[in-house]
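Multiple structures are listed underneath, in C-alpha cells.
Next come two complexes, and both contain subunit A; in the first it sits with subunit B, in the second with subunit C.
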Partner chain A sequence: MIGRAARSEHVSGWLFVLPAVALIGLFGIVPIIWGAILSLQENDLLTPPTWVGLDNYRTLIHDPVFRASIHRTIVYTLLFVPLSVGGALAIAVLLNARIRFSRFYRTAVFIPVATSTVATGIIFNWLLEPTYGVVNYLLSFVGLGPYGFFQDPDQAMYSIVAMTVWGWLGFDVIVYMAALQGVPDELVEAAKLDGAGRWAIFRNVVFPLLSPTTLFLIVWSTINALQVFDEIYVTTRGGPLQATTVLVYYLFNQAFELFHGGYAAAIAYVLFLITLVFSILQLWVGNRRVYYS
Partner chain B sequence: MKRVVSLVLPLLVLLLAAASCGGGGSSNGVVNITVWHGYEDVEGKAINDAAKRFNATHPKIHVTVQNYGNADYALQKVLTAIRGGAEPDIAYLYGSWAANIARSPAAVDLAPLIQSDPSINWNDFWPAERQAVQVGPKIIGVPALVDNLALVYNKKLFDQAGISYPSDNWTWDDFRAAAKKLTNTSTKQFGWAYVNDASEDTVWRFDALLWQAGGDILNSDNTKAEFNSPAGVKAATLLQQMATVDHSVYLDSGNGNYANLFNSGKIAMLFTGPWDLSSFTDVNYGVQILPGDLNHQTISGPDQWVMFDKGSARKQAAWTFLKWFTSPQQSLQWSLATGDLPIRQSTTQLPQYATYTKKYPGAATFVLNEANAAKARPVIANYNEVSQAMGQAIQAVLLGKAQPQQALDQAAQKVDSVLASGQ
Partner chain C sequence: MRLRLPFSPRHLVLLPLSAVMLLPLAWMLLTSIQTLDESRHFPPQLIPSGIHWQNYPDAWNAAPFGRYFANSLIVTLASVVGNLVFCSLAGYAFARLHFFGRDVLFVVLLATLMVPFQVTMIPTFLIIKDLGLVNTLGALIAPNLVTPFGIFLLRQFFKTIPIELEEAARMDGCSRLGVLLRIVVPLSTPALATLAIVTFLWTWNDFLWPLIVITSPSASTVQLGLASFQGAHQTNWTLLMAGNVMALAPMLIVFIVAQRYFVQSLASTGLKG
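Up next, the complex of A and B:
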C-alpha cells in the first residue's frame, strides 16, 4: 500500500522528469522503433511502402559494397581509437607537467574540437590538395611526395584518419587532464620514496588510476568511429572509387541519394548490432582490467 | 484523472502551436500561397522583388516566398513537409528529381492545366526544359532555370601560348592538342579541368561527349544501358588520354576548386555553365560552344517549379503566379537582375534583351548554345543509380585505375540489373 503522501510524491516526480522523458521518447525511442519497422519495408520515402519482411537483410548479406563498407569502418576504427586515445594520453601527461605556456598549449590542443567540421573539411581539402596544397609543398623539401591524399583511393582512408585524430584529440586530452588532477600526490610520493623512476610511477601508479577514464574514452571513441560520417561527407564524399564509403556513408547514400529508405534502415540496424557487440566486449574486458579506487 | 490532464495538456498545447504554424489558406477573399526556394544574394533579392511586384498587381492573391536553405537538400525537406501536410504551394526543385517527385500524390500534374490554358504558351520554353519536366504522360513542373555547358577559356593564356582562340568548329583533336600546349607542369598550369568526384557533376560533362560521338545513355525505352557503346568508349578514351597520358587535366575533387584556379589563371579551359561566370572577375575570358566530334551537342540542366495540391483555390492561385513569373517579360526581368539565361525562347526577341547580352558578356553564346542541347538525360525514378554507376566508371578511367571499355561495361552491367529489377 502506498500512502497518500508517497503517491503525490510519485506523481510530482514524474512531472519533473516529464519534459526529458517526452523529448527522449519523441526524438530517441520513436525513431528507433520506426527504424525497425522501416527496415522491414521497401520504402522510397515518397510513395506508400510495401512489406518485404527480412528481404532487406537478406540482400545486405550478398551486397559487396556493404561488406566492403563494414571492412572499411572496422579498419578506420582500429586506427582511429588507439591513435586518438593513446596520443591524447601522451599529450595530457606532457601538458600536466609544470611547463611554460602550458595554458597556450592546452588551448591549442582543444581548438580543433571546437572548430566546425565543415571548416575543418575545407581547410584540409586545401592543405592536402595534391597539386597546390601546402602539405605536398612542404614534403617536397624533404624529397617526399607528391601524394594524392584524399584523391588517391589508396591514401584517402589514412588521410581521413589523420584529419579526424587531429580533430578529436583535444577532447580526449581534456578528459585525461581532468583525470590526472585526481591522481593523489601521496601515492606518487610514496612510489618515489620506494625508489620508483618516472616510467615505473607512470606504469604502476598513474596509468592504473587512469584506467576508468581510459575505458570510457575507448568505448566513446569506438562508438564515434563506427559512426564516422561528417568528416567524410565534407571531404571525400565516400570516394574516390568508394575508398572511404564507410557504413554510415553507405547508409546516407542508400537513403538520401538512391531513395532506398528500408534498405538504409536495415544498414542502421546492422550498425547498431556491431556497436553493441563492440561495447559489450569492451565493458566486459574493462570490468576485469579497470581499477576503480 | 488529474495525472492524465497534466500529461495531455502540454501535448495539446504543442499540437495547437504546431497547427498554427501551418500558415497559408484564404482570408477575406485573398488567397495566400507559399513559394519555397533556395536563392541567395542577388537571386534572393530578385525573387523577393518579383513577389512584391506580383502582390501589388494581383490584389486577390498574396504570395509569400520562403528560403529553404541549400537547394541540394530541397527534395528531403519537401518530402518531410509532405508527410506533415506542411508542403508549400510551389517549390523549386532540381530537374534530376522530376521522376521522383512525380511519384508523390501531392505533386500536381500540370499537363491538363497546360492543355486547357494556351496563355502559358508552353512550346515557347526551350526543348530541353520541356523534356526535363515530362515524366511519362505527366508534366511535373514549370521550367525555373536553364543552363548548358560551353567552353570557357582564358584569352591571356591562349595569347601567351600563341594559339588562336577556340572556334565553333573545333574538333576533339583540336581541343586535346590545345589543352596539351596550355599545360605547364613547372608553373602548375593545366589546359583543362574536370570534376572528378563521381557525382552527377562528373557524369553530365561525359554525357555531352557521349552524345557528340553519337552515343546515348540508355536505349530508347530506358530498359538497357547504352553508354558502353563504341561512342561511349571513344568519349571515355578522350578523358583517359588527356588525364593519364597528356596530364593536361586538373582533376577537381568536387569542392569547386576549379573555379578559383581558373580565376587565378592556373587553368586555361573549362566546360562550364553561366552560373560560374560571375566568379571569373580576374581573367579576361571568352565563351565558345563545346568542341565536337560528330556534332557539337551540349547538355542542359533545367530546374523546375513544382506545384503541390493544397485545394482548388490555392492551386489556381499558384498556377496564376507561375504563369506570370515565367512569362517572357518577367523572365527577362529575372535575367537582367541575376544573369541567368532566359527560360523562354521569345525572351530573346524582346527589345531589352540587348541590354542583357551587353550586361553579361558570354551570356549570348550560352543562349545560342541552348540550340545544341538536343538530348536530355533519361527522366526515370532510378536515374541516380544510373548516374552513380557511370560516375564510378568515369572516375576509375580518369584515375587510370581501369580501361574505358572495362569500366563502362561493368557500370552497364550494374545499370542493366537496376533497370531490370525496376527498383
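Up next, the complex of A and C:
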C-alpha cells in the first residue's frame, strides 16, 4: 500500500515537472552544451561546420577588437554599477519619508523601468542630438557644450552610461525602498535617544541593515552591465570608431552580421567566464562585510 | 542659528531629480506634436505654436503598428500563461512531492539561471531554425514558455503554505492536481501575480532575441518594429517621437494605473532573488 503510494508520487512528480524539464532542456541545457561544441567549430550557421579545436580561443586572445571590447565593457560596468546602485540608495532614502508629492516623485523615478530599452534609445538619440537636441540647449545655460554625445568617440560611452542609468535606476530604487520598509523603527529610535545624528544613524544602523540588498543589487547590476546591448544597438551601433563596441555587441556582430557562429560562441563563453569571476568575487568579498540579521 | 525651510529639504533634491527623470518622456511628447520645422529649430521651442496631431496618423500609416501590437500581445500572453501553468506544476512538484531525482534536477534547473542568455542564444537560434520556426511567433513563444526563475519563485512561495490544508484535502480524496488547483493556487495569488507581471514586462520589452529570429515585418514585435521604424525615418524626429509615444503608451498606462502591483512584484523579485 505504502509502496504504491510512493510509486504514484514518483510518477506524478515527474508528470508535473515534465513540461518544464522538456522546455528548459531543449532551450536551456542543450544550448549550453551545444554552445561549448560550437565554440570549437567554424560554423557560418548555414552550411555544415568544420572542427577547429581551440583555434577560436587562440584567435580571440590576439584579436585587438575583442580585447578592446572587454576593456570597454569593464569601463562601462565600473561606471554603471556604482552610479546606479549608489544613486538609487540616496534616492530611496530621500523618498522614504512622509512628505508631500511623494507619489509623484516615486512615479517619476519608477517610470523608466517600464520604458523599453528600444524606446529609451530612440528618445535619447533625439535628446542628445548634437545640433537640435534639448540637452545641448540646457547645458548652454551653465556654459557647457555643445557636445557631440553619441557622435563623438570620446563621449559616446559616457552618453550610454547616462542613458542606461536613467533606464535602470528605478528598479534599484524599488528594491531599496522595499528593504527600507524592513528597517525596524525601534532601532532608529533607540539610536536617536542615544544622541546619534542623522548621518550616524544612516552610517551605523540603516546602511548595515541594507547591506544584503546592496550586495544583491551590485551582483545583479554587474551581470546586466556586462551584457549591455539593446541601448547600444539602437543608438551608436557600436560606434563611432568602435568606441561603444562592448562584448555583447561584438558577439552579435560576429554571429549575426558576419556569420562567424563558432567564433561568437567562443566570445559567449568568455563572457560567461567573466560574469562568473565578477559574481564570485563580489559574493566572496561581500559576504564578509554583509550584515545578515 | 539654522535656517528653517517651510518645507522638507528633501524637496530640494527630489524636485529637480523628478524633472530630470521626466524630461526624456516629456520631450518625446512635446516633439510628437510639433511640425518638422519646429523640431529643427535652435534654440528648441519649449512652447509649441499649436498641436500638430497629424504626426500620429502619419506614423501609424508609415509602419504596420497594428500588426506589431497584435504580435507582441500574442507572444506576451502566451508567455505569461505558459509560465503560470508550467511553473506552477513544476514549482509544486519541487515544493511538495518526493520523486526520484528531484533534488539533482532542481539544482540543474537553477544552475541554468547563472548562464548568460548570450551563451545559449546562438545554439537556440540553430534549434529554432531546425524546427522551422524562424520568422514565426512560435520562435518568440517556445523558448519563453517556462523559466527557472518562475519555478524557483513559486516553489519558495508554495513551501510557505501550511501543509495541513493539503493533507486534509488528500484525505478527502482530492487528487494531487486537484490540491494544486483548488488549494495551493488560490492561496498563492501574490506570487502568481508577481510572476505574471515580471513575465509581461520582460517579454513585452524583449529585443535581442526577436532581433535574431525575426526579419519579416509580419512577425515583428513592437520593439523590433520600433527599431526598424527608426532605421527608416532617421532624422524625422516628429514622426519618430509620435511612433515612440504610440509604442510606449500601452505599457506606460498599465504601469501607472497598476503601479502598486508592479512595484510590489519587482521588489519581491529583488528581495528574494
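Side notes on the structure shown:
FYI, the second predicted complex is superposed on the first by the 288 of 293 C-alpha atoms of A that agree within 3 Å, B and C clash if a C-alpha of one lies under 4 Å from a C-alpha of the other, contacts with A are read in each partner's own complex, and residues count from 1 in each chain.
Methods note: a contact is a pair of C-beta atoms (placed from the backbone, for glycine too) under 8 Å apart; a residue touches a chain by one contact, two chains touch by 3 or more.
On a predicted model such as this, the values are computed, not experimentally measured, just so you know.
Placing subunit B and subunit C on a common subunit A by superposition gives a clash between them.
When both complexes are overlaid on chain A, the residue A:A266 reaches neither subunit B nor subunit C. Of the two partner chains placed by the overlay, only subunit C lies in contact with A:I32; subunit B stays clear of it. In the superposed model, A:L60 lies in contact with neither subunit B nor subunit C.
Shared-chain residue A:T236: touches subunit B; no touch with subunit C. Set against each other, subunit B and subunit C differ in how many residues of subunit A they touch, and the higher count belongs to C. In the superposition on chain A, contact is made by A:T131 with both subunit B and subunit C. When the two structures are aligned on the shared chain, A:I122 is found in touch with subunit B and with subunit C. Judged by the touch definition given at the top, the superposed model places A:Q151 against subunit B, while subunit C stays out of reach. In the superposed model, A:A225 lies in contact with neither subunit B nor subunit C.
When the two structures are aligned on the shared chain, A:L45 is found in touch with subunit B and with subunit C. When the two complexes are superposed on chain A, the residues of subunit A that touch both subunit B and subunit C are 11, 14, 45, 122, 125, 129, 131-132, 256.
On the side of subunit C, the complex with subunit A involves touching residues 7-8, 10-11, 13-15, 17-18, 21-25, 27-28, 31, 39-44, 85-87, 89-90, 92-94, 97-100, 102, 105, 108-109, 112, 114-127, 129, 142-143, 145-146, 148, 151, 176-177, 201, 204-205, 207-208, 211-212, 222-223, 226-227, 230, 237, 240-241, 244, 247-248, 251-252, 254-256, 259, 262-263, 266-268, 270-271, 273. On the side of subunit B, the complex with subunit A involves touching residues 2-3, 6-7, 10, 76, 79, 100-101, 103-105, 188, 196-199, 250-251, 253-255, 257, 261, 266, 381-382, 384-385, 388, 392, 395-396, 399, 401, 423. Residue ranges on subunit A touching subunit B, taken from their complex, read 11, 14-15, 18, 22, 44-47, 122, 125, 129, 131-132, 150-153, 236-237, 239-242, 253, 256-260.
Contact residues of subunit A toward subunit C in the complex are 6, 9-14, 16-17, 19-21, 23-24, 26-32, 34-35, 38, 45, 91, 94-95, 97, 99-101, 104-120, 122-127, 129, 131-134, 137, 166, 169, 171, 174-175, 177-179, 213, 216-217, 220, 223, 226-227, 229-230, 233-234, 248, 251-252, 255-256, 261, 264-265, 268-269, 271-272, 275-276, 279.
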